[in-house]
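Each of the next two complexes has subunit A plus one more chain, namely subunit B in the first and subunit C in the second.
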Partner chain A sequence: MRAPLAAMLHLSLLCAGLLLSALACAAQYVKYVTIPAASFRTALPPDGKSASAATSTFRMRAMPVTNGEYQSFVRQHVEWRRGQVAALFADAGYLRPWAANDAFGPHLHAGQPVTHVSWFAADAYCRSEGARLPTWYEWELVAAADEQRKDARDDARWRERMLRWYSRPSTEKLAAVGKTAKNLYGVYDMHGLVWEWVEDFTGIMVSTDNREQGDPDLRKFCGAGAIAVGDRENYAVQMRLALLSSLQAAYTTGNLGFRCVRETREKAS
Partner chain B sequence: MTRQRGFNAVVALLSCVISLLFGLADPAHSISAPLPPDSIYQLPVTLKDQDGKPRSMLSMRGQAQIITMIYTHCSYVCPMTIETLKAVDAQLAPDQKARLHRLLVSLDPKRDTVPVLKKMMDERQLDAKHWTLARPAPSDVRKLAAVLGIQYRQLANKEFNHSSALILLDAQGRVRARLIRLGQVDRDFVEAVKAVLGERPRP
Partner chain C sequence: MFVRALVVVMVAMVAMLTLAACGKKGDGSTDSVSGVSDTGGSAKGDFGPPQGEPIKAVLTSPPNVPPPTLRDKPAKVIVDLEVREIEQEISEGVRYTFWTFGGTVPGSFIRVRQGDTVEFHLKNHPDSKMPHNIDLHGVTGPGGGAASTFTAPGHESQFTFKALNQGLYVYHCATAPVGMHVANGMYGLILVEPPEGMSKVDHEYYVMQGDFYTTGKYREKGVQPFDMEKAIDEHPTYVVFNGAEGALTGDKALKAKVGETVRMYVGNGGPNLISSFHVIGEIFDKVWFEGGTRFQENVQTTLIPAGGSAIGEFRIEVPGTYILVDHSITRAFNKGAIAMLKADGPENKAIYSGKEVDAVYLAERAASNLAAVSQATKSAEAGTLTLNEQIKAGEALYAGTCSVCHQSNGEGLPGVFPPLAKSDYLLADPKRAIGAVVKGLSGKVTVNGKEYNSVMPPMAQLNDDEVANIVTYALNSWGNKGAAVSAADVKKVRAQASVASKPSE
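Up next is the complex of A and B:
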């Protein structure tokens, strides 16, 4: 009696172990690229005036998270299936185009970026990958690059290219990830595919001017509600900021997806 | 007979293993009655209070409270937050005051360690029976702020700018009222507090 019991237990533990390691392997296939520490001109100066933003070295997903990847995630994490997720964490549009609660179905493709996901859902997905959402500065740094340059933002042709995408109707069917030009870091789709969640999107509308704290008319914020934005000529970035600052964490829309970043052990000097 | 018992044991052990593998990550599954879909107490976040005791959001169920986010290095608005909470208290009957809890959660857990929170409790003479100062894990701050609708941003000088609303939660963790402007007592907010305290606890 004892022996078969022990054997079955062993077998089940072994199976569970294999399953877990298979999952771990699958997770490792996701490509992340290293983004070296940087200091750069930002549309959201940390002092509200003109200070540079600084980021430590981190690793960023080369491509946004896809329908196929998100489907695997909801199959493992029942609480993130459509129909299961609490209203606190995602609005009624969550995964709306999917054919089933745990399947994107025949009308979507595994390689398209997942959209109709809330900030909470994106955060949970990234954590499941041992990662987190990028901060605005991390996203902005990588988005400033084109194919040859770290910072292409002052190039009129680059801005033109951005604007062409931002003026395209959002009703078009989404292309698969990884089809836009690879930028200098080896990252795809920073522009030209979907909008992306950032970890600190709720901080964008908050003024950076501390002196305003003493004004009794401005007590809603410690500071004013006015957006303090530098780099006003960069419309593509302005549009991102305007969109992000209009969101709530449970919102979902058809052209808003996400990618994740990982910490590295190297620190910025 | 023994075979049957052995089989039962295997089933029990297997279900243990399975629930350990898949269940641990999801504390929400361990309670019977579901919380309302908009309840903040669903948030899978555990705070540490001023005595270093862990406090999950779920464990706050059954407690009507006013919650807000602060950081102890703040020189202007955070003292005003406490003053405003005390001003709300002044509008309540003693039994109402006793049944309402006040939870101040740090936006700055890196600097607001347990001893720092404890010190603030003592300096401000806050009674631990009705007040809690707590810190989330640094990676949970934005999530907690998001469910509360609190916006914040850390500045270059390590100060924070943040929206400083007082948020009234009922016993089930639903947001029932917000006090956006500090420094003055809002009659609607006080009425909402009284209404929430007058509600019978639901099973």
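Up next is the complex of A and C:
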């Protein structure tokens, strides 16, 4: 009970603080769940070798942002409507399946995750919710869990389950959010629905040529340089990293959505 | 000694001629042993800036190959290749998600000329879930284009390279996890023609081998996901030509006519296995091994590495079906590595007769016992044949002809082949037994209270003496006590229009 209450409290304070319409806030309750601080094995060791990743306590949206939520956002934020968004912030595919510039229309559902959104757009949305995009480590930490375990990544059967979704084209209609099994933290859809933006995707820098190891050309990548993928037997995580590293911040694709996180002052339990 | 000296002189002369001829083709070095000059490689592959209007490359789906470029000048060639992720059959009733260059496995065949400037556009379909890129082994430059073509779903990349080296090259996706991208079918071939082009042949075909890893067993029906563990262990479920079991068999077999020359551009996408590529019933007149510049002649099986290629040529001399296999042969029979080339045209019995003899061969094991058979034959001619001689001869003949089904102990196989030992069916009517041997027996019979329904072919190769001896042996073995059957009895039965082969119910 504590986490949802805290989330609601936070949301109402936020609404008051930002002087947003009380009506809009009341209309949508967005569930965030607390993810305790952690240190864990990562596919992208900070030292490029084997160091653990560390995350502070944060709260994560239990589900990705939906078409319905994003429609409310663009109705309030004209500059993020299709047709009005600056080309610098979103490519030509931005909200392409939508029926109108400010409406997803009858052939999509309010409950489906929003896709065809750029990093800039996702970032702006999260800000509007008093949140930000998760970092890769935050996302990776939560995605490592299954229904019972904090870290299911070494389970061959779990990996196989992951791969089934990862290896199929995205030609089928997207399901609504919250239909996959809830993981240990109470978060849905980390796998099996959409790719998700992360805040620091430009720092992920998986070599575009998978066979380069040890001496990549640093200039080809943003940030601190290429980091060899640490989890070589986990193809699912490699695919996600490859996807993220193929993107630019204005890119949109048909299977890429996002969720937000909030920082918290709560101590790790 | 004299002959050897002459040969040395001749070799030297050939070497000199070759030397003189190679001045125009690169002034590359000459191998002092073989007397063969090189083509100069990439250093001699730049024929200057592209000339004329840019040309859009003709891309073809396997097994087709684009037409020759027929150019004598370097051109700018634009290649548009689209990546698509598609689900289709890898075997009958078995569906698999392939990642493809151009919608097929292997990907579209690309054909350019040495010295061409290739403007390459890689388009990743919006329905793709994955980012993809392309490494062309025919590119001179780090990564072969991989970094320059890394493309998110619904996006497009472009890069340009000059095709400096002639040859047949593999291209493939190099995105992480690269093994999975290749295992899902992301490979194809690009032919960089030598400046003078390829010689004219009647057919050019595109064949490419690949290994596939599914969670289900070979031919297990339904949608079969990629199996990462099997891929890492290099234990493929399928090894196939052109992306599916049966992609080049039956109606989809490659076709040619007698007297025609067939050239195959053969690649091996892997990701893991090396191919021992072989065409059953043909000999490659020429193989440009490893897809390079030189050819070897008269080759049975050519090794094609993963990520490598070969060009093979042969002339069809006689009609029939030629089977293409990976001669690591369990892959052919248990994993799908079979393709076909069907050749029509007139028979040429002087080159290949077809089957001329189809006879029972008793081999050495039986040969020693054949003494008993010839003894029986002699005695029969002399009119002194004894029951014992007949049984001995019959035993030898039975071992070579009957025991496979009825077993050497005469007990048959339950439910399949009826027993002869203590068989009511046999003992009740020896004449009927003669008929079964001579004319065969099919349909239901009841033996010792059990029903059998199978087919015994007529043993037409046996003469009257032999049948008589076999039946006599059967009537007097394994506890059976019966009379002797004579050659005359057999002759009588053989003469009858129809045999009493109906079951006695």
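A few remarks follow.
What we mean here is this: the second predicted complex is superposed on the first by the 218 of 269 C-alpha atoms of A that agree within 3 Å, B and C clash if a C-alpha of one lies under 4 Å from a C-alpha of the other, contacts with A are read in each partner's own complex, and residues count from 1 in each chain.
Note that in this section a residue touches a chain if its C-beta (ideal position, glycine included) is under 8 Å from a C-beta of that chain, and two chains touch if they have at least 3 such contacts.
Bear in mind that the values here come from a model prediction, so they are computed numbers and not experimental data.
By the touch criterion stated above, A:E79 is placed in contact with subunit B alone, subunit C being left untouched. In the superposition on chain A, A:P46 makes contact with subunit B only, not with subunit C.
Using the contact criterion defined above for the overlaid structures, shared-chain residue A:A87 touches subunit B, although it does not reach subunit C.
With both structures placed on the common chain, the touch criterion links A:R132 to subunit B but leaves subunit C unconnected.
When the shared chain is aligned, subunit B comes close enough to touch A:T202, but subunit C does not. With both structures placed on the common chain, the touch criterion links A:W119 to subunit B but leaves subunit C unconnected.
When both complexes are overlaid on chain A, the residue A:A249 reaches subunit B alone and has no touch with subunit C. Overlaid on A, the two complexes show subunit B and subunit C touching the same residues of subunit A, namely 206-208, 210, 220, 248. Subunit C meets subunit A in the complex at residues 84-87, 97, 126-131, 133, 135, 142-143, 146-147, 150-155, 174-178, 180-181, 184, 215, 225-229, 232. Interface of subunit A with subunit B (complex): residues 1, 4-5, 8-9, 12-13, 16, 20, 46-48, 51, 78-79, 86-89, 119-120, 123, 132, 199-200, 202-208, 210, 213-214, 216, 219-223, 248-249.
Interface residues of subunit B, counted against subunit A in their complex, comprise 2-3, 6, 9-10, 13-14, 17-18, 21, 26, 28, 35, 37-40, 42-43, 74, 76-77, 80, 139, 142-143, 145-147, 149-157, 159-165, 180-183. Residue ranges of subunit A in contact with subunit C, taken from their complex: 93, 156, 159-160, 163-164, 166-171, 195, 206-212, 217, 220, 229, 233, 235, 238-239, 241-243, 245-248, 251-256.
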